[in-house]
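Which chain is which? They are A, B, C, D and E, in the order written, and residues in each are numbered from 1.
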């Protein structure tokens, strides 16, 4: 179901103003600095506050039309994973997770079963009979994720789902979310708040960047993250993204093949993107040929050179195949030594080990 | 004139602020209220303080060392408790009597005329519990007449009985004559001759530990004297 | 530092009871305990106090939640109203009940005429009187705890699809258990000790409406020492009931 | 759903009071209000109830915290002890105080002999009796709230270097304010309505120990209607005092 | 003051057993998966639990010797930043931060002043008069950090201090912590729980890795992170680290110069480390020379080749200068094409933009 929201809200000196749509089956990532209004936005969608002015519709239903909540939180079919885990302290872990199915009318047995399923999905099956007070921070976060998913909501709202998770759990849960959010035939709309561009890339079709309560950037995830237009987005993102079709060991693009390390859920033949940071792109003079380990080499022409903190960011134009519009970060010394300037033809090299292949979403 | 009288009291009266603590049964509230005023008017600078509660409570308080000068009890049993504990100076004297009557709502809707009528099946009758004076009096009357009542409630004090009748909850209640008097036109009284079988005596005594034994004696005299007796009969008490 | 005032408070509560224990005539206890009047009163007291505690909980918990969670202004006024039975002298409370449910009272007349039911002088009247005086204790103590705890978990539950009744049953009440335990104990104790409203509204008839406090009062008229002994029985019973009935879950941290 | 039992509970509390209001003889109110006996009683009631509420708070809050936070087994026994005055019929409570502090009582004798102080039948006795009966209400309702809230913030405060007294003053008490407000209201109401213990322990001396409930009792001897009118005065005063004294901070969420 | 701890503790099926020292003025980073006992360990040090068996001493003072807490939490001079922010809800932000100085005896004015100082250090000065309920998740975390630091504790315990912070705040707070923890003359011992190897590298002298309540690895930060011996540590770390002395644009080592991007608090002439991931190391056949952008090229000999997920990790031996013991991740295709095997001489290239220079600690 399509989520449509237009929100205006003032809280003390802070004011939020946002308008967006999330089509069915897609994920919108909301990025932004601390205090930019991300959690507030989710609260409005979940029906916890009435905005000062605005409308929220989900499919055919108008959930909020100021000045009234037309549909109460419990009738919205939302699942909210708030920033605090807030597990019910009096219920065991499995009953916490079974809470939503039970509330939505499933039998005791069926909802317990669903709960155990979701607990094993987040790798917390062995915690089922504990009380929340007996969990570590990361364990509680995993249980909270299971609880939000177990209700099979029409509208899923996730506030920093991967915070507090360790290096093994974070990719595993990211993979789980990807499976759940992108399951075939899924009509759910999801709004995901995160500070990590990888989450946005791995999970979201569209990105919306908030700053001080205003939408400063929006668009397809790969467009926003590969060509950020605000300094904040640039700092969290600024990655190279190349679109194509996944193959066994990399990505087939219109202009050639890129070797890379596929994420576990990439299927050969499916649309995918290759992601690599500008810092991992090496630049060589044109024609220089080297038999080194970097799998990916491609010819291009220097477009622009801009200082970017301590390094210089080079953007290519007119490249062979996929080299169009890539960014490479170089030290000023390297720029000087290679005598780079706009128009200089160069060869770019990127190690396959530095390239991640993710499934691609969106048009 | 009261103020002239006070100067006649000699050594005991006239000077300073003195308080006389009179412990009196709650049913004496009205009569003793009047006597308090009268006594204070006669004794300049004397403050009579009435401690009004159930007789048994007063007896406990006195036995636990309460600063009491005079004790006026609603029955002899509680006075005896104080006497036994050695708290009384001299002998207690009966200063008033009270007897039972049947209180009925105004107009006497159930047409009660005698004690025996109270045994009727369709009547809601309330009486006092046997532990309190009006209850033991009721029992005595029952024994004397051979009529056994089956009351809806055995109340802890006579006021509770009266209230039930006043509110129309009960069709009849056994109370004291004085209670009916003070209730005015809210209840009617149906007197019955057997009540004479169970006259309740009110004893009064000056207490051994009285801080103001002279004043206490004067108050004692006032109650037993003519004006005291007048006040008491105004509210319905009989004289011994 | 805390122990000084805490100890004083404890002394204030405990010493008089110790004084009472010291003065009790233990020789008479067995006799009192086996008298049918005492046993009837004890049984009646337990039954009515438990019943009225149950009513207090069933009716009072929803009221406390509505009062604590409602944001409307009108509800704030209601809060003060709930306090009324607290400050009413119990005898006047009993009168108020008579005015309402007595034979000539507004509701009582209706009940009498339509259904032939008369409430005063019955055991039901005792339960009603006790519930009337005990309810505010439950409501007010719960309301304080509810306000202190906030509504975070209730909001979470509603986003998980729980309707208000489910939220109440599965989140509000379980989280409130410790306070509910305290509130129920207060109501039970108040109901068990209730005297004035009961005697005014329900009267005092052995086996029907004469609860233990009424029996104690009765005994006190005759003999203070036996009344004290009987009161000790009341204390022992209350402490036992509370100790047994207060489940571990209520005592432990949630 | 919640509104049904909540409404019933409210009706049980409100309707009798409405019945009372309907039956009051308003013509006599002015006369009652201006009589010096009523005014004396009202003043005495307010002063003593406020004083005893203050004592309840000063002594009871530390006791509640000690009881709720202590982990030792001995303390669990003390919890039951605090309930004793709750279940004691007030008249017996008054006797217990008399047994302790009366001239023949253990402490009373000591005080009399060493300092020449006699407590019974003074205003101090009224305050003591009220504090004795009201304290458990404060302690028990706070304990429930304390248990429900847990001790997370107190632990945090201790890791920030706050000694137990500082933790109590700057963390425990402020977080407890809503429950403390409720508890204080309960104690105040209980103290204001206190009758049996007062009349037994302190007597009923106009201007010294005859509080409003005792005056109501006295009036009832003469005339029930004026007693009811006087009780309404008590209600109005209590509701006013509670409404004025309950600060906004206590009402708001913490 | 030196912290010494020997702890044994059982909680349900979980048991913790650890023994370690933290010398004065140093920072111990505790790493480990979710539920491995990191927070439990901090709780024992703070005095919130008594371990089943163990001793904790700080300087001359014995804080815990089972079965008793000898020194209560408030007397330990600790500052604990717990995993939940747990700001006092009834105090304003500034009073929250002033709580510790005030509790330790400072006057109202002085402690407010200290609080404002620390608030401005965490960039939250403008939040001073708010109540905690009016803060966003990241704002609350920053205030909690200020509160823990404001007490100037002898023993500082930080549980995931940078969780919930955005991309701008995280490095800023990391820099603040580095300044505070490493201030000259500072005698404080610090224990830092983190999931981020960068925090450990940036802040800690020593690392201790917990797994299921057992210490599985410990040592100097750079040793543990550059040569992890357990798979978990390898997954969170596995970085190349080279020690030397900072210079303007890189690091002077015994074996040569490495170009890199210095962190803001690196001072030329001070000891420092260069950090870069194995994925950014390109491998060329020996003798091949290329004039490309990678600033750092060095000769080395292949030591070992091991599969490492989807890539092959190559370790060098016998390199020129700093090339000794480096790791490089390559795709299997690259390994095949270059015909690499142990003993093959190669040339390594690392772009300066992929090398971060951090101050170095420890012996």
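One rule holds in what follows: contacts are C-beta pairs under 8 Å (C-beta built on N, C-alpha and C of every residue); 3 or more make two chains touch, one makes a residue touch a chain.
If you're wondering where the values come from, they're calculated on a predicted model, not measured in any experiment.
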{"item": "Touching chain B and also chain D, the following chains", "value": "C"}
{"item": "Third chains touching both chain D and chain A", "value": "C, E"}
{"item": "Where chain A and chain C are represented by their mean Cα positions, the distance between them in whole Å", "value": "57"}
{"item": "Separation of mean Cα positions, chain C and chain B [Å, integer]", "value": "34"}
{"item": "Geometric centre distance via CA averages, chain E-chain A, whole Å", "value": "26"}
{"item": "Rounded Å distance, chain A centre to chain B centre (Cα mean)", "value": "89"}
{"item": "Multi-partner residues of chain E (at least 2 other chains)", "value": "none"}
{"item": "Sequence positions of chain C contacting 2 or more other chains", "value": "95, 99, 164, 175, 177, 217, 220, 224, 254"}
{"item": "Touching two or more other chains - residues of chain B", "value": "57, 60, 163"}
{"item": "Every chain pair meeting the contact rule", "value": "A-C, A-E, B-C, B-D, C-D, D-E"}
{"item": "Residues of chain A touching chain C in the complex", "value": "46-48, 72-75, 77-80, 82, 86, 88-91, 99-100, 103-104, 147-148, 151, 153"}
{"item": "Residues on chain B engaged by chain D in the complex (per definition of touch)", "value": "21, 23, 26-27, 29-30, 49-53, 57, 60-61, 64-67, 159, 163, 166, 182-184"}
{"item": "Contact footprint of chain D on chain C as seen in their complex", "value": "1-6, 8-10, 12-20, 22-23, 58-63, 65-67, 78, 80-93, 95-97, 99-101, 105-107, 128, 131-132, 135-137, 139-141, 143-145, 147-150, 164-165, 168, 175-183, 185-186, 189-190, 192-193, 195-196, 213, 216-217, 220, 224, 227-228, 231, 234-235, 238-239, 242-243, 251, 253-254"}
{"item": "In the complex with chain E, residue positions of chain A that touch it", "value": "11-12, 32-36, 38-40, 83-84, 130, 134-139, 142, 159-160, 163-169, 195, 232, 235-236, 249, 259, 261-262, 278-285, 288, 290-295, 309-311, 328-331, 333-334, 337-338, 347, 349, 351-354"}
{"item": "Complex contacts: residues of chain D adjacent to chain B", "value": "91, 95, 98-99, 102-105, 108, 118, 120-121, 199-200, 203-206, 208, 217-218, 220-224"}
